[in-house]
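There are two complexes below, and they share subunit A, which is joined by subunit B in the first and by subunit C in the second.
Up next, the complex of A and B:
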């Protein structure tokens, strides 16, 4: 076997093993969702494939699943848009203005993002209760924005620092103020990076569980992860089939989003990983 | 427009503390003039350009446009680049990658909220001046280096700036294109009659383009003059070696007086100075001096009459039209640029010293 071939084989085997490891729970989820009984893998179980669980999740009014999907998309979408809208000017300032202590600022922001959510959640609950915002979109959008903003700022700063400085110098000389330079030059040039940052922020917010659990009490603002966790069967048993079906459906928006902007996300992830 | 720098200093803060980029810079660029800032990299010429543009604030001194202050830290005056109406061509061209050529050239006009009909006309005018009228729909990424350069220039001239700034605009072009673009820039600048500040490290560019040239080094302006003045009367050994087709020969020599006449001794030779040259030398220094001889002024002669030196040819390089010959003399190695047939290495030759065009420097001006 030639060197090249051996590398190819090892590469393929490694990639397959890695993918299998990551995708096995997903496969199990889909399998259980589409089977008539949750003990599909036990020996001797009589199992049929069925779309029943999916129809049940979507069709049972008391589960409110479609509402949770809408809530999740609205809350995550607003959080992502806000994070990018606030993060872009901040990233511009950090990368382009002569600010004293820029790096300390960036690290402070990073440190803030490392607070475990659990340490904040009780205070957040009291604050949102006092504001009367429990079970509203605002109760989730504000903490989510604050939570994904440091990440967005870091990724955006890394994107912005890759744009040649001469470009915004040219904009300033061509008559732009700082804000116009940001809007007319930096944002359009960094558009792919901004888009992928927004998608990452969306996914982070979309998956968040703890805040959503504490800060929502009903279908008005409850998001998919909490909704699924609180599914209950008619007679108190755990409805595995429906949970798995709902989880499968919840993955769909994220998959669609990632597929649509695949290229941008990959560069966005790698760029965010290394601060250049 | 007249641009003046008065005692301008700029220091940058770095981890090593304050680093001065330019110090005590005085410049007066005249109306419609093409003024070149020439110097090796790191000499502060680009800093001067950014200060004129308003991209940097000076740490001290005053900058004026037509007598009106645009930057004076002591008086807390600073006019932002947006309000200065200056245009700049960057070394990297800095074209907006998300806009096509039309959008790039139109950008400053759109920012200034010019009416769309006149934008179309102005862009077409600027594009045709630079011969890129057929590229208006192309993206910068699809253009060659020379084409990008033209777009950058068109964008700079489209709104008739008060001051035109060029930062090494030719350094990213290949040699043939560089010469052609150089000539075209000169023509364009004449046509537009815009006061222009041009930064380069290439002395040929400075000599061919500049109405006047400021030679910079280590953040200071060493000498300002026409290209001819800089070539003929360099004030420092550095100016002598930086300007000219080949670096100037710098030789130790001694000036001394004998019976009312001034003589120069170098190696074992004694060369008499003409009365005119003697007056000039007397003003600079007597005793030990540094003698600057341009390689293109030294002649090789088989029969050395005075004033002359004798030496052995060390090497001869063929540069095509000319030959660069190194000759070892008693005073040190001398290079000679000649278009005559080169002697062979090892030949003993005589050198005719062009004492009338030679430069004499104070020995402490050398490094």
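Up next, the complex of A and C:
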């Protein structure tokens, strides 16, 4: 075998192993969700495919499952929109205005993303209790926005810094204010970057667990990760089929986002972490 | 006149930053300061709050549960982060290779990262099921073990189960970071190495690895910080068991909050916070903080 061919085989085998590693648990989740019994791998011929678990999860009102999905989407969506809307002006100021202290500002912002969530929750719990906001959207949206802002700000700043300065300088010379320059020049030019930033922020908020665990108590605001984590079933034995069906439905939104915005997510993740 | 104008411009500039500052102050910095303050108090539900200085920290010193969770968190980080870096590097090399399936491979690799850890934790709980889980089916299928393994029933099994589940979830993130580092390596260097008749392995060790070092360091610190604060996966997959052997610092602190002991839980959180903070200072240096933007 020639060396070139050997390398090609090596890469193919490697790519297959990598895909198996990443996709096998997902495939297993869907398989158990769609099978009549959870022991699909050993039960042999007695297993049949069924949509029963999905229907049961969606149809059993006392599980509140559809509500959790809606809560997750609303909370993550609002947080992502807020993070981008507040992050964009800040990113503009950091990249375009010669503000004294802006490096300390960036430093502080970045430090936030390193804080362990557990060092915030007890205070947040007491704060939200005092405000009477426990188990409301506000109790999650505000901390989530603060939580995803650092990353959003960094990625936005990285996109903005790649826009030629002449573009917004021209707008300023035309008599636009700073805010108008941001709105009419920076935002349209960086639109794809802004969209992928919002999507990343959405995914981060969608995945959050600890805040939601402590700050929600029921169907009015509880999010999907918490709903699934605490889902023990109604009659004793763990209903694996239902849990996997719920998990499958829960990951549909993020899977769709990954498939649609793969390229933007990769760029955003990279710029958010490597800062160059 | 000119001075006034400058000042107005400056204030306008800071107004762009104000909403971010307000939000971070209210929902991050105040909570952290509150936790720090709480940690200096005896603060238990239904009892009067009392300042006790470093009393909680002194108790931590003689609390075997705290040391156990510190040990687990450290060991978990020491094992899982290098594993994820090695796997992530392999993934990055595979992802960089030009093939027609590149888009599919990248989307496939992103999936584990995009799925909430609390959700994938449940999937892994089933994977490790003693009677019919995927892990035992695979292990007996390829002859690794003769009987079913009680993955979550023993300390060592639960530890390995967590490491594997964490590697599944976070290797993609490492791979994406390293992929960016790989694509930044100039093609010329590889060509030069080829002219020098360096084989693929030599090219990897002489060109790829040295040039990838800065990104590797960033990924290492980023993952270390993240791994120290692990919560979701442990909460869902092992609940900290068996016998508290997989209780992470986050989970240990959380338990005290839920039990109403805010002072002691805060002390645990502050220890974790300080660990993460020291590492983030290193990280900021390694990532050549703000080089591009400033």
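Please note the rule applied: the second predicted complex is superposed on the first by the 243 of 276 C-alpha atoms of A that agree within 3 Å, B and C clash if a C-alpha of one lies under 4 Å from a C-alpha of the other, contacts with A are read in each partner's own complex, and residues count from 1 in each chain.
In this section, contacts are C-beta pairs under 8 Å (C-beta built on N, C-alpha and C of every residue); 3 or more make two chains touch, one makes a residue touch a chain.
Small disclaimer: the values here were computed from a predicted structure and weren't measured.
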Touching partner for A:173 - first (subunit B), second (subunit C), both, neither: first
Subunit B versus subunit C as contact partner of A:239, first or second or both or neither: neither
Which of subunit B and subunit C A:146 touches, first, second, both or neither: second
Which superposed partner A:7 touches (first subunit B, second subunit C, both, neither): second
Subunit B versus subunit C as contact partner of A:23, first or second or both or neither: second
Subunit A residues touched - subunit C or subunit B, whichever exceeds: C
Set intersection of subunit A contacts, subunit C complex versus subunit B complex: none
Subunit C-facing residues of subunit A, complex: 7, 11, 14-15, 18-19, 21-26, 28-29, 32, 38-43, 86-87, 89-90, 92-95, 97, 99-100, 102-103, 105-112, 114-127, 142-143, 145-147, 149-150, 153, 157-158, 161, 178, 203, 206-210, 213-214, 224-226, 228-229, 231, 240, 243-244, 247, 250-251, 254-255, 257-259, 262, 265-266, 269-270, 273-276
Subunit A contact footprint on subunit C (complex, rising order): 10, 12-14, 16-17, 19-21, 23-24, 26-32, 34-35, 38, 90-91, 93-94, 97, 99, 101, 103, 105-112, 114-124, 126-127, 129, 131-132, 134, 137, 168, 172-173, 176-177, 179-181, 200, 215, 218-219, 222, 225, 228-229, 231-232, 235-236, 249-250, 253-254, 257, 262, 265-266, 268-270, 272-273, 276-277, 279-280, 283-284, 287-294
Contacting residues of subunit A [partner subunit B, same complex]: 164, 166-167, 169-177, 180, 184-185, 188-189, 191
Touch list for subunit B against partner subunit A, complex: 53-55, 80-82, 86-88, 90-92, 94, 96-98, 107-108, 111-112, 155
